[in-house]
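I have a structure here, written as structure tokens, and I will follow up with some questions on it.
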Amino acid sequence: MEQHQAALKHLFKQEFTKMVAVISKLYGLQHIEIAEDIVTETFLVATETWEHKGIPLNPAAWLYTVAKQKTLQHFRRNKTYTEKVIPRLNLDQEEHEEMAELNFSYRNIKDSQLQMLFAVCTPLIASEAQIGLALRILCGFGIDEIAEAFLSNKETINKRLFRAKEKLRNERIQLELPPEGEISRRLDNVLHIVYLLFSEGYYSKTQNEILRKDFCIEALRLGLMLTEYDKTNLPKTNALIALMCFHASRFNARQIGEEAPVLYEQQDVTLWDQELIHQGIHFLNLSAQGNEITSYHLEARIAYWHSLKQDTREKWENILQLYNQLLLINYSPMVALNRTYALYKANGQHAALIEAEKLKLEHNHFYYLLLGELYKTIDEAKAKSNYENAKALAKTQTERQGIQKKIDQLG
Amino acid sequence: MNKNQANEFVFLFRQPALNLSPEGQGELQKKWMDWVGSIAAQGKLASNGIHLAAEGSVLKAGGVVTDGPFVEIREILGGFIVVKADTMDDAITLAHGCPGIDVGGSVEIRTAFA
Amino acid sequence: MNKNQANEFVFLFRQPALNLSPEGQGELQKKWMDWVGSIAAQGKLASNGIHLAAEGSVLKAGGVVTDGPFVEIREILGGFIVVKADTMDDAITLAHGCPGIDVGGSVEIRTAFA
Amino acid sequence: MEQHQAALKHLFKQEFTKMVAVISKLYGLQHIEIAEDIVTETFLVATETWEHKGIPLNPAAWLYTVAKQKTLQHFRRNKTYTEKVIPRLNLDQEEHEEMAELNFSYRNIKDSQLQMLFAVCTPLIASEAQIGLALRILCGFGIDEIAEAFLSNKETINKRLFRAKEKLRNERIQLELPPEGEISRRLDNVLHIVYLLFSEGYYSKTQNEILRKDFCIEALRLGLMLTEYDKTNLPKTNALIALMCFHASRFNARQIGEEAPVLYEQQDVTLWDQELIHQGIHFLNLSAQGNEITSYHLEARIAYWHSLKQDTREKWENILQLYNQLLLINYSPMVALNRTYALYKANGQHAALIEAEKLKLEHNHFYYLLLGELYKTIDEAKAKSNYENAKALAKTQTERQGIQKKIDQLG
């Protein structure tokens, strides 16, 4: 019964995004909330009916049929809607005649979802709001799940989603692909949001491992969706997918029960998912076509080198050079820190210490962690004082405990 | 003076022509990337500049053209980068460790304006 | 080789320090603009480059810093522009008439690559 | 009666753009053709009624009242529209209740027109189509007038406008200002179209002088409209207005009856409009605020120097330097030719000849005209052969005749 429930939940999550996309496509993005309501009602009917009669042979088709009826009923029943909502629909004449007929063909579902992806990832909405909206509308997560991932409560998430949808309405975002000439540019924003979604799962603060994995899988699914269309199947799309595959391959290794993330050097390599690593290499090769080298390319190559078990100087030298290139494209404190760590592994503590002292990232606890690590075998007192700084700046109890352990291990 | 402009300095790289093996060249290239990477890691790289091929000509008074810049200037200008620094002294500090210096070259540090 | 890259050349301007009156300076500046304008009028200017202030330092082996680039190099590098030309010869032809040459300077013409 | 007709035509042209903007604002840009029909019907009623009863005290108010009735009738009468068009309207609930009430307040007219300006000047439509659409919708020109200006026929213009409006529909352009952060960028396109409109009048091929002046005046009006809003009243807007004022000041001097445009050097300066020159100086001063120097700034300064009657070396030296700067921003063959002409006026024929020979604009008849001019007092044979080249490349009979005169005047 547990398992039965989980399967149902999975089915609903999957179909939620499809049905909301198709209904919104027909009635306009401004009525996305009605689309959500109709789909939720459909699930209620399904749950009740299936409990008595059993799950039908083709559950998706069953859901589509009910959703079509509900949609019709909804628009007929509500006189207010007929007067106030119907007048705002964006219908071509032909679409108008097909109004009663939601189109749940494979092609229309895919098209509507891709358009929904571009609509949600419009640069006109702040990326913070986009993440929540993407998790709900593009990935089908429940409000409770989103709240759990953000260590927040349902009320806050509901407010945030409400504002995001209001923004979609006010900015009159249309459910459509951008004009052809703009797709590559707009795709940059879509890829960015997909990567943020992935990171939200990969680096999430929640302890719910299944939920976090689901976030990563959904981000991957959206990335793969983009490869199904020539115009969006660009080298940078493949680079991002490669990057996500390589990261995801280490998902299990990063976790020991409910503990803090395992540092890369302490990971059990037998837990790395070789299937995902192979997928990553496949997409990495595809990404090498064309001249554009994006940060996804460089990050994917770095992740590739990390997927090799042997800790050779060649590996770290390559990682170092990739971080050097990444810094030329896009500086960030984390990239600067990772570059210095690669320098340490490639050229030793002394070379890295000189570089590390120059970074002066004085509000970053990872900076002091790195300094502590570099000083460990050179100057224990300095190592200790840096670890203490890191502990003072650390944001969670788990992190502070981890750092305390390091201090205790010193001489 | 505009603050953004005042804080940009150009590093001009000069270096004698080197006769290196491909490995030696690769090694030197890596050192350059590490050095530029170090400046970028400090968030102080404004532009990665333009690289210059070794061949060149110099045009002087009376339409005199000499092949290659080598004749007059012992150290050939190989390229430049633009860095962000508060003062000339800070810029000079950033220039330290440039791998060109170890192979007989120099870095000229100059204030840039648009 | 990529065609767009192959056809770009950098003009490096060198010129001794001049002691000009404000009028003389204005006159020279105008000549420079006329000369760059001439290249631009031919549709051959790729980038207006960066201008360098006269003050500068040179960093050499052993951490030796000398004030100003003047000590070693008689002609100070004052800036550069990037032009489009089919061949090095065409680029040299474009460089002719550079006003810096008339005041004792030179133009170094170099192939650029990114 | 002639005069009465002209006054009516002027009134209708002015009110056409206002009413189309307001009606389109209410019913959505996709129904712009219905808006045009309603306004045209309104004008028909006005013509008939006013012929018998005389023109009312407030003709605009009279037109608004009839347009309101027509709009209501139109939407009530057409059952098809109620079913197919109303469902596509973009109305907020409040707007919906005010549906019967078109709002012809000063504020709403201005707002709707500004939004229409941004909608028509969307970068999603090719600028060629935008010009026609702008002339019709933003300036109220008739199809026959637009056809005359383009030396085309009504059918062709109608087709072009139809395609432009179809594009507005397909791209789902909304009647609204761009989001605040994008206004300055989108404004660049609006200014570009306004300048093209002005040039269409200033350099038009038609001999209808009144029509051409009207184009220039309308472009100026659109520019001034942009100064009424803080967000669009930027230095570059003022620079463009200054530029148009300076150009427009020479409009009368450029024409001798139906002849070809008078060359600058042969213009009768007493015909220059000093009022427009003063306006130009006013906006040129306003444009000097801020750090951005656009090509409008440089072109306006060039036009300012041209507005000075004395033909001094200082003037031409300044014009030369401004052309040098303009070339650094934006190369074009005409700017290169004008720069060489300025060089000739500032530094003499010999200096200019050397530069001119380098330009190699071998498909441009203005290039050979310039070479002919420069060789005139140096080498008559070369002057003649260049003029002959120019004649061979010239596109109109008038131009060829003008060039033949130059040839005849040689030795």
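We call the chains A, B, C and D, going by the order they appear; numbering starts again at 1 in every chain.
As a working rule, contacts are C-beta pairs under 8 Å (C-beta built on N, C-alpha and C of every residue); 3 or more make two chains touch, one makes a residue touch a chain.
Fair warning: this is a prediction, and the values are worked out from it, not measured in the lab.
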| item | value |
| --- | --- |
| Subunit A-subunit B separation of Cα centroids, rounded to whole Å | 41 |
| Separation of subunit A from subunit D, taking each centre as the mean of its C-alpha atoms, in whole Å | 48 |
| Mean-CA-position distance for subunit C and subunit B (Å) | 15 |
| Overlap residues in subunit B, where contacts from two or more other chains coincide | none |
| Residue list for subunit A, restricted to those that touch at least two other chains | none |
| Topology of the chain contact graph, where touching chains are joined (line, ring, star, complete, other) | ring |
| Listing of all chain pairs that touch each other, if any do | A-B, A-D, B-C, C-D |
| Touching residues on subunit D, where the partner in the complex is subunit C | 317, 320-321, 323-325, 327-328, 331, 333, 335-336, 339-340, 343, 355, 358-360 |
| Footprint of subunit B on subunit C - complex, ascending | 10, 12, 50-53, 55-61, 63, 65, 69, 73, 77, 82, 88, 92, 95-96, 98, 101-102, 104, 106-114 |
| Partner subunit D, residues of subunit A touching it in the complex | 83-84, 86-91, 93, 96, 124, 171-172, 174, 176, 179 |
| Sites on subunit C touched by subunit D in the complex | 30, 33-34, 36-38, 40-43, 45, 48 |
